[in-house]
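Structures follow.
Two complexes are shown next, each including chain A; its partner changes from chain B in the first to chain C in the second.
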Partner chain A sequence: MQRLRSLAPGVALGLLVIDLVGMVVLSVARPQFLSTYNLFVTGRDLSILLLVALAQMIVLSLGQMNLSIGSIGGLVAIIESGLMVRYGIPVPLALVAGLLLGIVCGVINGLLVYWTKINSFVLTLGTSYVFAGINLGITHATPFYHIPNEISSFGQARVGAFPIMAAVTIVLTLLLAGFLSQVVLGRQLLAVGGNALAARLSGLPIRRATLTAHAISGFFAAVAGTMLMAQLGQGQPTIGATWVLPSFAGPIIGGAALAGGSAPVLGTVLAMVLISLIDDGLVLVSADPFWVQFLIGALILGAVVLGRTRLSDIRALLRISPGTAHHAGSSP
Partner chain B sequence: MTGGALLRQVALLALLFVTAGFWIYFSVAAAGFTSDFNLFSLLRFAAIQITIGFAQMVALSIGDLNLAVGAIGGATGMVAGWAMQILGLPPEVAVLFALAAGTLLGFGNALLITWTRINSFIVTLATASLITGAMLILTHSDPFSRLPDSFTSFSETEVAGLPVSNLVLVMLAVGVALFFLYRNLSLGREMLAVGANRRAARMSGLSVDRVVLLTHGLSGALAATAGLMAISADHTASPSLGSDWLLASFVAPAIGGTLLSGGLVSVPGTIVGGVLLATISNGLLLVGIDNFWITVFLGVVLLLAVVLDRVTRAAGGAAP
Partner chain C sequence: MSAEPNPLTPEVRLEVAGIRKQFPGVVALDDVSLRLRAGEIHALLGENGAGKSTLIKILTGVYQPDEGEIRLDGSPVRFASPRSALAAGISVVHQERNLIPQFTVAENILLERIPTRGVQLVDHAAINRLARPWIEMVGLDAAPATPVAELSVAQMQLVEIAKALSLQARILLMDEPTAAITPHEVGYLFRILGDLRRRNVALVFVSHKLEEVFELCDRVTVLRDGRNAATDVDVATLDRDQLVTYMIGRAEVIAELPPKPAAGEPVLEVAELTTNRGDAALSFVLQKGEVLGLYGLVGAGRSSLAKTLVGEIRATGGEVRVRGVITHIKSFREALEKYRFGYVSEDRKQEGLILLHSVRANTSITIWRRLRSFGQWITRSKEDAAILPSLRQLDVKAQSLGQSVGTLSGGNQQKVSIAKWLAAKAEILIIDEPTVGIDIKTKNALHELIWDLAANGKSILLISSDMPEVIRLSDRILVMRNHAIVGELPNTHQYDEMSEAIMARLS
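Moving on, here comes the complex of A and B:
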């Protein structure tokens, strides 16, 4: 794990270079890339999808996953807009209720994983259908239109090209990075992800770490769902339906390991910047939108193959067999 | 060991009872449940769901996941539709074409997994997105809806005057072949060995890479089979085909006692699991429960199945 974490700055550096090159290429080839409106729209999409990716990253850092991020985001958006539109609940109250719901959904995931010790993939696959089904059962796939103006204007608010929404994402990202690097529980979370057995033997609070990671995941998903609702100006039941791929693409391209123990916040941010550049670039060259899906798939494969190649190169250099690499790699 | 086997028999029997219970309940409570028309469509739907479950079960048997089951099924369904409608190939040739495409896509997954040693979850997540993306780019998301009658009527044909579609026979044939594979063929035993303990399998001289290759090829071919069955039943090859297969692919094997961690499969269990899944979806709809709530129900069923499996295995204390 030490080995993976020490590689993460390399991944981030590589991504940073690619991002910068991409920005330069796009601004030269398509000058409208730099238009205020384009930067605003791209930045707004990025602020939402980055939260989605971080929601996955925090659970991956434990060596688990959360397939229900999109369903939580959708359910939260529906409950919030329903409370506001149907029941006239004041905006702040509805938002608090929605965000709490996101945390509760996350805690349910965490409790299921912790109690049953079953693969988090299957458990969160199950809960994702439960959350998505409740959403559709309530709405019958019809949106809640006409959400209060405070919310929908927040979705359009900007200072120059800077979307006000992005401020929320920046604050949450910095808080998450601070939590993981400065707070004891955050450090313990990474330790549990790095080696659950060692963590248990040394008395680390595994239950608290699991619940916290899933609660943060649910909270970030809820904020992302709320922001997308604000952007769309309505409570769309389909919010979050397409988030599975970007949620994994960000952390994995950013250098996270499925086995856990690493939480590359910076890498995830830069990976999501790259994905939104690709997304925006395809729009600007008016390419088939389906290319996005294809390219994100290729990017995930490319990133992991590249990361893996580098590790095996190191192994070859040190003449360590794959079986013993783990111990040898973590000693220096 | 025998304790574990006995427990699994009891679990399968219990599953049969639960399914029978639902059938009795719906026969009484849901008007039209036992009509020939409804039974025909229920069993045909079940046959497709079970085949989707088989595609996942095979990957699970070696301890892998195949998140690309839906992508492969959808893409190969489109390949078949294109071959029949645009190229004008006879259905038999188009079917072979689609099965070959599915097998090759499965091989592609396997090669990426064995070459890079990357977790099958990430590989198939990425290839699912690649395959679906490529399919949508190539087809411009246009369906093929003028399939030959000889192809679409296959799924409409009743077997021996019973309300049973030909597709049910296809599924049963596939099931028997898989049962035989895991019970009698060395490849099947090798797959289970790899699933139970990949490292031990490698140490004892098994060519794990070969097993992974064949397994994912088989999983791809089964996904293609399900895709073909679905386009025959739908009378159209739609680009959205396969996009909602993920839950179904796990529910039928999980209810049926296939271990998600590998090393243990149950073909009869997957069949009964798929029938239960189809019965619940069909019956709840008939008693007037909204389609959307059925999604919640299926999610809960998956959760219950894996948790119960955990509990019974803990109680039995037997390693498979």
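Moving on, here comes the complex of A and C:
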């Protein structure tokens, strides 16, 4: 974790402060923020959206994008619920099938990007329509109702204010952080994202790194889709439809470099906490619901601008002259 | 402050005095002065980090000085932005090309002033017509409508000079213009710069190559640690040693390299190797503990030979034996893991290092697979233990293993890109242009290091277009021209004799 943090030290620290201040302000101004039910609902939404953001972060760390995260989540949710509801497949089997499908979708993205060398934005824009199209073709936009009880009760389960679902997210997040900082393949993946040519000339397997990042992305999207299905209690075809913006907002506010090479897990977590605080706060102060999205946008912009300022201050403190910081390496 | 017109002492066009520039924690420039006359080529020298770039950025309005004065034609000026410096007639040709590759030569030259007709329609005919005189002035052999992407690096440089001239530049700053072009092109560039001098342009020439300063420049200003070490000195009154003393603060000591054991058995035997890059059948042998120099100009096929050896470019014929065994290396990975090749690329920023990542990650990248223990896990302590000996052996200077490589000096970056191969226990090292863009002090250290590696049994193929470097370090020298090896010379380490022999093979 130390290495990950060192890639974006200022961002994570700044976000942590903003998150804490936000929580204090909210709990003072609106005591119902601390109500068990509010914390549960907010935490549950956060658990799902954090996985969505991490699904994007892992691909961003490779220097690529995945626009199909939402469609993968949606497709997985309706396949799982379809298997359970229409074909009576046992729950564990249906879930395994769904999660494998997510991985397969990710691998398809990865293979297409690797083989064709076409920009991942374009390719995943295409596959995103394909996955969403299969979803609609199967469901005709009608949800699979009445999914088995063990799934829908999992969606509502909690210990105090703590949503049981969040445990899944916490475990996956920790695994991902460990994978990126200490596991061979994870570090290879970051190296490929940082400089693919240098990575290849150091003997790293570029294809495996590309496929792994996309497979993880697909897997996280599938878990998020499954969790949202559990929460809703039905296989909604629209699951994932609104995920594109938060998937990018998390890692970008969290300090990810769009060019690749950085994977700020902690920053992404803190950024998603911030976004859910904003979301929840606006509901609690009864902001005009039609303006919520605008306000979130404005706050995100503010947070990003703040984040950048802090980072440059910290660079200055570290005594890196602007020359080296801005055009890394252009020697005098 | 002699601004009176006088035919004997040419007018001082730009005068900079008492410049101070401070960045948080660092004084980049302190009481720096520079005097620049019309019709002179003024060398600006200094080691990496001496402040040359900062000074150039101040002259071109990128930075504002904290103290001090800039006088243009005798009157004080302040450049609030690069635009205002441009408007005052100061242009800079950067090391990195600042052209838009998809645009044509003419469009690039007139980029800020694209002529239009009617309702803002681009007038292509007018662009080409207006750009032509500038293209001719710099002697660029390309039609105005040629896309810049199709030009060579040297031609792109000429486009930038043409662009500067078209902006009525009266002061032209050239930042290491010869770093990426061939000696032939350098000769051409120098003729163009000489022409500009006659046209009364004031030129500032930044370079690491002292030979060029003596060949081209009239006067010289040297910066050291952000201060003037020499100000406005006539180049004719200096010799190389004095100039080096100004730059590094002491006389340059080129220590005699200690004797090293005689080369051992052949480790790499290349016979009649051909590629689809147009290489003639290439044959040579590299022995254990030897430095084999491969001299040739940029474009002679040296780097493509190197990349063929490590499996990046597919060989189409011939035979390569590593330690006596015929090999067909298909990927870099195989070259590294099976045959213990290491490749230090000429372009360390693009091909060698991951600038954003730490010293640790950049060094251990070659051995992650070896370091993993059960469950693919790499422990920090094991990783550090594996790379520290190599980093220490090369004396890499970094604040910590976690410092990002992009913030190290060029010399230390180069050391990291060699250290990763030592960590990987590479036996055959292909080192491509190890000291390009590296200052004199560090260059010497790198030379000693390469020599040490060979003395300790590594076999080194040293690719370089720096003749003193090849002659100093190599046991034998291969000369390459037009994708063919045109000579193999035993090295006597006598510069005059060897350089003549090499040049004879090249002509």
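Worth a mention:
Just so it is clear, the second predicted complex is superposed on the first by the 284 of 332 C-alpha atoms of A that agree within 3 Å, B and C clash if a C-alpha of one lies under 4 Å from a C-alpha of the other, contacts with A are read in each partner's own complex, and residues count from 1 in each chain.
The rule is simple: contacts are C-beta pairs under 8 Å (C-beta built on N, C-alpha and C of every residue); 3 or more make two chains touch, one makes a residue touch a chain.
As the structure is a computational prediction, the values presented were derived from the model and not from experiment.
When both complexes are overlaid on chain A, the residue A:191 reaches chain C alone and has no touch with chain B.
When the shared chain is aligned, no partner comes close enough to touch A:91: not chain B, not chain C. Judged by the touch definition given at the top, the superposed model places A:200 against chain C, while chain B stays out of reach.
Contacts of A:262 after superposition: chain C is touched, whereas chain B is not reached. Look at A:133: by the touch rule set out above, it reaches chain B but stays clear of chain C.
Contact with chain C, but none with chain B, is seen for A:182 once the two complexes are overlaid on the shared chain. Contacts of A:18 after superposition: neither chain B nor chain C is touched. Chain A residues 322 lie at the interface with chain B in one structure and with chain C in the other. Here chain B touches chain A in the complex through residues 65, 112, 116-119, 121-123, 125-134, 136-137, 140-141, 246-247, 250, 254, 260-261, 290, 292-300, 302-303, 306-307, 310, going by the rule given at the top. Interface of chain C with chain A (complex): residues 23-26, 28, 46, 48-54, 57, 95-96, 310, 312, 332-333, 335-337, 343, 345, 349-358, 360-361, 365-366, 368-369, 371-372, 375-380, 402, 404, 406-407, 410, 413, 420, 424, 437.
Taken in their complex, chain A has these residues touching chain C: 2-3, 6-7, 182-185, 187-188, 190-191, 194-195, 197-205, 257, 261-262, 316-317, 319-325, 327-332. Residues of chain A touching chain B in their complex: 65, 112, 116-119, 121-123, 125-130, 132-134, 136-137, 140-141, 244-245, 248, 252, 258, 288, 290-298, 300-301, 304-305, 308, 322.
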